[in-house]
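Chains here go by letter, A, B, C and D, matching the order in which they are written, and residues are numbered from 1 within each.
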Amino acid sequence: MSASAFPPPVPPGPQVRAVTDEFHGDLLEISMGPHHPSTHGVFRMQATLDGETVVKLKPVFGYLHRNHEKLGENTSYLGSMPYTDRLDYFCAMTNNWAYALSAEKLAGQAVPERAEYLRVILAELTRLLNHTCLAGFLLQDTGASGTPLMYAFREREKILDLFESLSGSRMMCNFQRFGGCRTDAPADWLARAGQLVDGYGAFLDEFEALITGNEILLARTQGVGRLSAALAVSAGVTGPMLRATGVAYDLRKVDGYGIYPRFDFRVPLGDHGDTYDRYMIRVLEMRESIKILHAALREIPAGPVMDPKAKLRGFRPKPGEAYGRIEGPKGEIGFYLISDGGANPYRYRVRPPSLVNLTILEDLCLGHTLADTVVILGSIDIVLGEVDR
Amino acid sequence: METAEQLRDRLQAQFPAAEIAVVPNPGPAAQHSLLLGAAHARAVALFLRDDPALALDYCSNVTGVDWLQAGYLEAVYHLFSMARPQGGPVVIRLRTGNRTDQVTLPSLTPVWRSCEFQEREAFDLFGIRFADHPDLRRILMWDEFVDHPMRKDYVEPDDYEWEPTAHHEVLAKARPPAPAPPSGPPEGTPP
Amino acid sequence: MLGSGLLQGLAVTAKNFVGSFHDPARLTTTEYPEVRTKLPENYRNFPFLVSENAEDPMGTLRCVACQICEKECPPQCILIEKSKDKKPDAAGKLQLYPAVFDIDISVCMSCQICVEVCPFDAIKMDQVFEIATGERFNALLLDRHGLAKPNSYYHQIHPAEAAEVDARLAAERQAAEEKARAAAAAKTAAAAAKAVAAAAPAAPPVPPPSAAPPGPPNPGGSA
Amino acid sequence: MSLSWAAGDSVLERAPLIVRDALTRALPEPWRWLANSLLAILVIIGLAGGLFAGLTLVERKLLGRVQNRPGPNRAGPGGIFQPIADGIKMLTKEDIVPRAADRVLHFAAPVVLLAFSILPFAVIPYGRRLVPVELDAGVLYFFAAGAATELAVFMAGWAGHNKYSLLAAMRSLAQLISYELPLLLSFVPVILFAGTLSTTGIVAAQAGWKWGWIPHWHVFSPAGFAGFVIFMIAALAESNRSPFDLPEAESELIAGHLTEYSGFKYALFFMAEYFGMIALSAMAVTLFLGGWQAPLPFLAVIPSYVWFAAKLGGLLLGFLWIRATFPRLRLDQLMRFAWKFLVPLALLNLGTAAFWAATFEWPGALQLVRWALAVGLVVGPFVLLGRRLGAGYAPRTYRYA
């Protein structure tokens, strides 16, 4: 992308503020959450309504806060790995990878070829899983009586079964290690994964037939929660949300971490930055993920999955620091590690895409109705385990 | 992408009065960082964002670090460019005077909106005060909480379960040989 | 035309409704208590301690109370106290054993790190998941009696892995045995040479090597 | 119940009346009338209640099947006792009244709602001789009684003193009043064709078959078909069913006006919602689908009430099918849909109906012209208004970096 095509940075701050006057009567303050069916967890939005129009909305966090970073500093490098599963519990595999990548950067640890392929396969499966579920949740938020969500969960179940037979656990995979993966795939695992990937396109077709052309969905999502590219960049929004605004920034292309440069895939871009674009970008990304998965499953070489020099216990990187990041399904998931040469990291920081993407929640919701708030929040795709850490 | 030294020299030429130093990173990652003096940090940050060669329009990660031995807190910003997406992070660090009363740093939220919640988090967990932050409140801990739990010298409460609610009575009933409830609130919670 | 998307959606739901009567891919529920899916071999939930012999689980625990898992456990749910005395292990070597080995499975997060770091293959992941209990304080704190399960059980739930572990252990034991035998042989040879060289009749006899006779080789488990 | 049976009716056709007469024969004449009426009320409440119970089960089963799961199947064989289990659960639940609630309204709302939602059943002709109350303006009575439920929904929303409930109450008032209009306009063509407001008269007007196999149901005329579709859409909205379930939009307003209700009061709301849905479907059958008339002459041996039940069941399944598929509209879109689409269409449909009625006598080939014109009058506005309504909303194509 050329620099000239890029919008200039905008001053921060919500762009629209509805003004109310005496004529419109009292404003209604309403606390959506922490117990609310569609806040996707224990999240609270302190909203002020004029009729049903949102004039102010402050997100309130911390109901799920367990000081993940302090836990990380009080346990060994290896000991933090299972905790990363619990950040964004939909995307344990990518969280694992982001953490392993950062630690490998910190220690200068190499990763064998087969493990890189496995990581790509797992990350793309996670992307399928996350985006499928997100589509289901988003449609649930628009009021579809569970049907899209159940179809999404039907497919998610198949991916979770794969994860379970590989890592032993469906969601808390704890699979990546510094210098490779914990175990090699079981004998028929790659074939099963191939079967799943082969069938996924058909599922997406059916899912789209169910809902993508639905006039009610179009009316509910198009033009709702419009995000400008400039604001998205300034607010550090990443992932499908950013690309829905038309900014081509996909870490798989930009950083080319792992072995992503070997794969041929495209990055879909939206032009409107509204909820519909955010939904569609995810659907299109899934189709690209299927391409990557096909290639990766075809080309995966034999060999060890763990670097022989890697040590499981006693991982003590030399003093220094590293910031590693990957393109998680929700955006840039990064880990910032500072080592003082000890067995525990001196500083262990998670850069949570969900939290940073929420920065613009108020900007998106202002001027929209309460019903749209729910849909906009759904389209941001947050997991509170990661927001609150 | 310029090296940290080149960048330091260029910035120094642009802002002769500013204190800018390179903090080397001895580890294999070799992500060296720039230490900025608090006085000129906002101007330097604006320059970094708007300089066409750098175009660091994207502030990815903001966090605090507590250097207990050295006796100061640090705010670390990881900058990338979406307009010119290549190269690793440009890391800038701001240091407070000490860990007790001189903990104010300039907020970079006016430069990068993405700092809004992350600076709030650094304030909440490390106690770094960001001047000119639009909404500097606690974000993860509750408003009445008094300490900063990510500091290295933070003392954990001895009983996380203890809450001054009716829940406690239920808990006591559920456990027949109930241990005596704590006589006062644990450290860190308000009375 | 307005409504075509709606009709398309209705067609999809109708297809799924009809499909649920004849297509197993469209009726995916497994009705759990009656029907059980086969757990994948890698499935894990809580750890157990491997004992060589089902009749004497406490006497044949592989665990030597080295406390590595206790140190590495991220949520710190393991408590180990070393024994005061030693017992011979499967290879016949005298080892410590855990006098106390508690795992609080209400704290355990099933991460499997204890299994990975154990150098003795003494702790493995179980697959029993129906452990709900009405007593939340003590019933979830498992001691070594509750944790011990025989090697044959390990073979049952993780056949491939267990076979590999057994082969490795057997090889190690054999190597240790051979080494001990060689050492003993060398020692006796050296002693004999010494005795011959010194030819001193008053020299005390060399004590037998400390390695006890090898225990019953039982790599395949007790059952 | 109306009259006695005619001579031509089969025994099966007369069965309900025979049973009734057998039960009340012993009573003296003035009492017999009262007993007959009470019996009719009991039967209607029993049948409606049973249908409600069955419908909840069918709905859950159907939703389950659509969503690739078996649905409730634990209570009894295939889950058939699930409604009973639900009823017991609802009855044994604690009835919570919030401290800040208006206790009188909080109690009255479900009762009023249920009472008004039962009233419309009085004028539905369930079979050839089965009309509980023979009113000359039965249709007017039906909609007047049905409209009173709006009051109860607003009462429920207000009584809880809950912000979500209040929002839901405002939503439901706006929605119900807006959709009254297309609902009422949509069946005016039927009144025009039948020339009567009596429900039995309307059914009678749909008797007979053209060429021996096309029934004279109103839905088989262009204006009648348009009216039927508009009626069904408005009926969805009137009975708070998806995709118009805004008052209890669970993803936005928790449970809307039901947020502060629990236990049996909650169940009463549910019952009233289903009664409304059943009553509106029954009315749609009466107005557009020939009531209890058989679709083909030789099928008339099957008793009329069976045909009525079959048609009613079909429409109810349609309600469920729609619920299983569609997302929910937003309030402003709902309003726009009513006022800018349904109301103009319904008004234009009056013209089409007038044309259709006036040209009834056109001979032979002109009948084709009549059909073409009438269909054009229905489809043209639909396409044009639909285009305006959907302006700005379209599937998009995406570019790649």
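As a convention for this text, contacts are C-beta pairs under 8 Å (C-beta built on N, C-alpha and C of every residue); 3 or more make two chains touch, one makes a residue touch a chain.
No experiment lies behind these values; they were computed from the predicted model shown.
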Distance-to-centre winner among chains (Cα means, whole assembly as reference): A
Most distant chain from subunit D by Cα centroid: C
Contact-richer chain pair (by C-beta pairs counted) among A-C and C-D: A-C
Distance from subunit C to subunit A - Cα centre to Cα centre, in angstrom: 36
Subunit C-subunit D separation of Cα centroids, rounded to whole Å: 64
Centre-of-Cα separation between subunit D and subunit B, whole angstrom: 61
Euclidean distance of C-alpha centroids - subunit B vs subunit C, Å: 43
Multi-partner residues of subunit A (at least 2 other chains): 1, 147, 151, 154, 210-218
Contacts with two or more other chains, residues of subunit C listed in rising order: 2-3, 6, 9, 12-13, 16, 28
Multi-chain contact residues (two or more partners), subunit B: none
Partner subunit B, residues of subunit A touching it in the complex: 1, 3, 6, 9, 11-13, 61-62, 65, 67, 69-70, 105-108, 231, 233-238, 247, 249, 254, 317-325, 332, 334, 336, 338-339, 347, 349, 351, 355-356, 358-360, 388-389
Touch list for subunit C against partner subunit D, complex: 1-3, 6, 9-10, 12-14, 16-17, 19-21, 26-29, 31
Subunit C-facing residues of subunit D, complex: 62, 65-70, 73, 321-322, 324-326, 382-383, 386-387, 389-390
Residue ranges of subunit C in contact with subunit A within the complex: 2-6, 8-9, 11-13, 15-16, 28, 40-44, 68, 72-74, 109-113, 116-117, 125
Contact set on subunit D toward subunit A in their complex: 63, 66-69, 163-164, 167, 171, 242-243, 245-246, 249-254, 323-333, 390, 392-396, 398-401
